[in-house]
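Okay, so chain A shows up in both of these, paired with chain B first and chain C after.
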Partner chain A sequence: MLAYNLRIAARSLRRNPVLTAVIIGGIALGICISTTFTTIRHMFTRDPLPGKSARIVYVRLDNWDKDQAYPKSAGGGNAYDVPPQITYKDASALVRSTIPVHQFLSYISGLVVFPDRSVSRPYTDRIRFTQSDFFLMFDVPFRYGHPWDRRADAAGEQVAVIDDATNQKLFGGGNSVGKTVRIKDRSFTVVGVLAPWRPFIRVYDLINNWSAAPEGIYLPFAVGTRMEARPSGETDVPRWAPPFGQDFAAALRSELDYVQLWAELRSPADRAAYQRFIDDYVRQQKALGRFPRPVNDPVLSLRELLTDMNVMRPSVTAMAVISILFLVICSLNLTGLVLGKFLARVPEVSVRRALGASRADVFLQHILECELVGIAGGAIGMILSSGIVRFIGKLITDTTVISLDLEMIASAVFLSLVAGFVAGLYPAWRICNTQPAVQLKI
Partner chain B sequence: MLQMNDIRKVYRTDLVETHALEGFSLNVESGEFVAVMGPSGSGKTTFLNIAGLLDVFDGGSYRLGGKDVSRLGDRAMSQIRNRSIGFIFQSFNLIPDLDVFDNVDVPLRYRGIGGAERRERIEDAVGKVGLSSRMHHLPSQLSGGQQQRAAIARVLAAQPELILADEPTGNLDSIMAREIMDLLEEINRAGTTVVMVTHSPECAARAAREIHLLDGRVVDIERPPALIGSRQAR
Partner chain C sequence: MEFGPIARALIRNKVRFGLIVLQIAITLAVVVNAINMILAQRALMLRPSGFDDANLLWVNTRPFADAFGERGYRIAADEADLRELRSIPGVQAVTNTYFLPWQGGGSSGSVKVAGGDGNPHQVQQYSASPGLLQTLGVKVVEGRDFRDTDIDDSPDSKTATVMISRATERLLFGNGSAVGRQLLDGTAVDSIVGVFDPFYNPYPFPIDEYVIVYAGHSSYGGADFLVRTQPGAMHSVAAQIPKALVGINDGRNVEVKTIEAVKDGYFTEARIIIGGMTAVIVLLLLVTGLGIVGVTSFAVTERTRHIGTRRALGATRPAIVRYFLVENWMTTTFAAILGVVLAYALNYLLVTTTEAVKLDWRLVAAGVVLLWVQSVLATLAPAFRAASVPPVIATRAV
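Coming up: the complex of A and B.
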């Protein structure tokens, strides 16, 4: 019977192609808008590291002024009123903890890269100084080679990992492991080349423009200190801290917040233990005259941090909700057209009722027709939406990173079916309640 | 087959109540051929609507095939219409964008009959009404008589126990009308009960019994024994 009803529905749609096209177009428009905005929201809300997000934590310490809390960001983020990064000396002390299974320190610095003269002129690049666990914890994909190891971290070896674009730029692509890249006044041996990698949110650094592309070159954290590579990203210094001028060694000893500390913990118990470890450390430092404010050192998981740093703006959710309401309004507006189309078919329906079709049969037949329209509109809407989200992706991040994944396609199909149902519910109910005796002269 | 007892049907508007049937009682035996006559507004159409479970009534009782159908739900009534009742309409009421085969197929689809049996029934029924060569013609490609034969094929394929026909020859010329009446007689002879509303005395004369309605009541039942013989002799 389903196949029969589908045949009737398809025949009915062909009977008036212009009207059918208008109805499909209306649903396509609604699906396009709703899918676009729900996809953008989905990009913000989906788990950036499935299975890991709850275990990866970020450390912040409140070394701010006694009488003035750290200012919230303009967007209202940072519910804990705490500086988003920590000092070098705190980072160096905390990273010695044995509670995390993985952990790393990180900061960015702008340095001059000297390619081979035959290839390109020297250029300044943002370089991330980090530790080997960074690549592991954030699932950074490698095309050639591998990350450096912990021994290289400890020894401050002059090794580098470069991304695909840098590999193309410096070496023309291919396996460049073992080649040398000169940065500032030192040479680094390439140990790994990344595969093309462009996360929508650069979750490992929510402080320095989370929507930017990942850096092109990664060097060991200890090398940055040895090279006296000054931080070029966001930094903070509380007013109570003594000035340190241009002396890099003094900066390392100062209250300059520029280092990010990430840790991966095995379990909630480890997280509690790690929080206690941080609290104890802060109390010790308070005894030494630092941290003038009450103890405030929230250890937040990656997901919690995304919320706290206000990456996921409420306006994105609001736009997604409004876009779905727009789809509902589109569908409701189409109700009139669908009703007119169905009422023109009352004589046929009356004949079918006389020949044995129940109200349920008639309802099902007409709802199926609406669902066919919904699916057709949904397919067109998804194609349009796919193009629009790519365009919006380019506007936001200068490279295409937004696309409809399977979850969003399933959601769009579901919304298409809902749209068809909403558009057809009242007309199908009206026509299935037609009194055949009124229309048939028997 | 059909037992209506003291049926009452009132059509109401804001201003007026119209008593379409008032104390209407009728028994039709299984296998009978009954003609229902009466002037316009006498309640013939209302009677057929109620008999065909296409309309509800306000009072009285109605048994069809021995079963009380007064308080059935929509699905049960639809099943009875599908399995037990066949309708022949004055204006044929074929679905315009279905060919003869698909029109005859409609009631069989709602009965859930399998494909092979449906095809067999359709070809048999269409053959009986002489439209095999028009199987895949649309109604608009058929004459009035051919359309009514297609409608009769739709009834034949469904094999109902009761046929309700409203002016089945009303839109046809006399030759076509005779052909249709011949078909109805043949169907009745095969055992199917036929109740036919008509204004035509000639058509009514071919029924075994004539019932006359006036103001929503049965006023006269003619059962001339000689008629059966004359019908057979015709």
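Coming up: the complex of A and C.
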């Protein structure tokens, strides 16, 4: 019976191709616009590290001035009034905690890379100094080799992990594990080459332009300190801190905030213990005359930090709301057109009813017709939307990293079915309730 | 006019009436709020920096030669670069500074007025060589510009010579003059020699107009320059710069960008909002317009016999057209009232949950007029079709 009704519905659609095209076009527009803007919003709100984001936490300490809090950002970000990064000495002390299962320190520095002279001129690159757990915690994909291990971190070994583009540039691609590259005044052995990798949000560093691509070269944190690689990203110094001029060793002992500390806890339940550990550390340091402000050291999970850093602009939500209203209007529009179409068919339906079709049959046939339209429009809308989304993604991040994921495709299919059903509900109900006797009389 | 019969006819067709009313009302709410978002973004984009953005270039040198590790060498290279850049035909002014307009940030810190109330103030901070003001195209409004003798590059220096923007002067000194006064920035005592105006550089903190400029070189880890070119000469100058600078010292790489390109990058989000919302508005008016045409056509078809009867009883063609237009006008007016309520409701939602700005009543009024016009235009074709129904239809059986 379903197949029969489907056949009738399809035939009815074919009978008036212009009207059908207009109706399908309307639904396609609605689905296209709403899917595009909800997908962009979804890129910001979806879980960046499924299963882990509640356990991955970021540490900030308020070492700012007694008479002035660290400023809030323009959009109301940084609700806690804390500097976004911490000092070298605090980072080195806190990373010794045994509460997290994984943890790492990191910062970026602009250094000169010396490729083989036959390959290219020396060039300056943004290099991330980090520790082995970084690769594990943030699911960094490797094509060749592997991350360095904790022993290399402790010993400050001169090892490097490079990304796919750097591998192409320095070594012409291929498995380059074991090759060496000179960076500043030292030589590093490549232990790992990354697979092409471009997260939409560079979640492991929200402070230095979250929309930028990941760095090309990763070196052990301890080596950065030893080779006096200065931070080239954001740095902050409270006014009360003693000046340190250009002396790198003095900067490490000072209140210069430039290190990022990420930790992965065994379970979210460990957060209270970890927070206590950080609080205790700050109190201990206060006794030594540091941290002039009240204890303020929020440990936030990755998702909480995304919110506090204001990564998703509020206008993204505003556009998503407006785009859903657009779909509502398209659906209302469809109701009007379908109603007209169905009522013009009353005599024909009356004959069907008189010949024995039940109300349910008539209703089902007409709802199916609307659902067919909804699905066809939805499919076209989704195809259009995936193109637009790629284009907008390119504007935001310079690469085509946004696409419709399964969740968004499912939501588009669902929305088109709902739009078809809602739009068809009243017209179908209206037509299945016509009295055949009245219509058949002349 | 036949208002009474039309109103009664509308009430008898509640669903059709309701569909159109809802559709127009929501369209009005969405269109008005979308235009509001566009206007807010445009206001940000149109706000002038006060600089000669269209003729500014940013030049960045990244050294790799070991010699740049020494401060004296860096400063000498910096001076040589300034001379070389000035000698390029078409260049009007050059400064060595790490201030880069429209990048959406910069560097900042807090300062106190020496001998003042002790309150710290957050301001943008940059260093620049003499020539900054000519390069940006801003004017000294009090005191004087930097001189070469103001430059103090010693890292351990306890004093500095600075200029501030007019807005900073107001922030720190109220209506008093800043020239000759001193500031404490934590490491040094800064003597203010001049005040300039205007200055606007959007910053992540609300300190867009507040700036202190220190007289000095910035060459550590590579020097940055701002270059102002004569109108029309920008692209030829931009093309010559890398070769010229590498020509006098090939121990570095050179990159050149126009400030317009930097500004474009900063306003990416604004352009997405404007583009996206414009598309939504245009498509929405199209869809709603088609919807009105569709529903009115249906109404005409349904009433073919009634129209024929009216024509047979003496109604003229204009009377029939007028009937549909008045009917449509009543529907749209009703929808507009509902739409205005919805527009404010949606705006309230957006203002409380996002950064949207409040609606201007004139915008709402313009939206109402827009939809009225659209609705009349969409009704015209079906109404004329109705008018062409011959009276003889009335006498025929269906």
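Here, the second predicted complex is superposed on the first by the 439 of 442 C-alpha atoms of A that agree within 3 Å, B and C clash if a C-alpha of one lies under 4 Å from a C-alpha of the other, contacts with A are read in each partner's own complex, and residues count from 1 in each chain.
Keep in mind that, in the parts below, a residue touches a chain if its C-beta (ideal position, glycine included) is under 8 Å from a C-beta of that chain, and two chains touch if they have at least 3 such contacts.
Since the structure is predicted, the reported quantities are computational estimates derived from the model, not experimental observations.
Once the two complexes are overlaid through chain A, chain B and chain C fit side by side, free of any clash as defined at the top of the document. Using the contact criterion defined above for the overlaid structures, shared-chain residue A:232 touches chain C, although it does not reach chain B. Chain A is touched at more residues by one of its partners, and among chain B and chain C that partner is C.
In the superposed model, A:118 makes contact with neither chain B nor chain C. In the superposition on chain A, A:317 makes contact with chain C only, while chain B stays out of contact range. By the document's definition of touching, of the two partners only chain B reaches A:436; chain C does not. Applying the stated contact rule after C-alpha superposition, one finds that A:358 touches chain B and leaves chain C untouched. Looking at the shared chain after the overlay, A:67 reaches chain C, while chain B stays out of its contact range. In the superposition on chain A, A:98 makes contact with neither chain B nor chain C.
Contacts of A:4 after superposition: chain B is touched, whereas chain C is not reached.
With chain A used as the common frame, the shortest Cα distance separating chain B from chain C works out to 12 Å. Shared contact residues of chain A, touching chain B in one structure and chain C in the other: 442. Chain A makes touch with chain B in their complex at residues 1, 4, 11, 15, 347-348, 351-361, 435-437, 440-442.
Residues 22, 26, 29-30, 33, 36-37, 65, 67-68, 71-75, 110, 112, 114, 121-124, 230, 232, 237, 239-241, 243, 245-246, 313-315, 317-319, 321-323, 325-326, 328-330, 332-333, 335-337, 339-340, 343-344, 392, 395-396, 426, 430, 442 of chain A are the ones that touch chain C when the two sit in their complex. If you check the complex, the residues on chain B that touch chain A are 45, 48-49, 52, 54-55, 74-75, 78-79, 81-83, 87, 89-91, 93-97, 106-107, 109-112, 154, 158, 164, 166.
Within the complex, the chain C residues that touch chain A are 15-16, 19-20, 22-23, 26-27, 29-30, 33-34, 37, 62-64, 109-110, 118-120, 122, 155-156, 185-187, 203-207, 220-222, 253, 268-269, 271-273, 276-277, 279-280, 283-284, 287-288, 290-291, 294-295, 297-298, 301-302, 346, 349-350, 353-356, 397-398.
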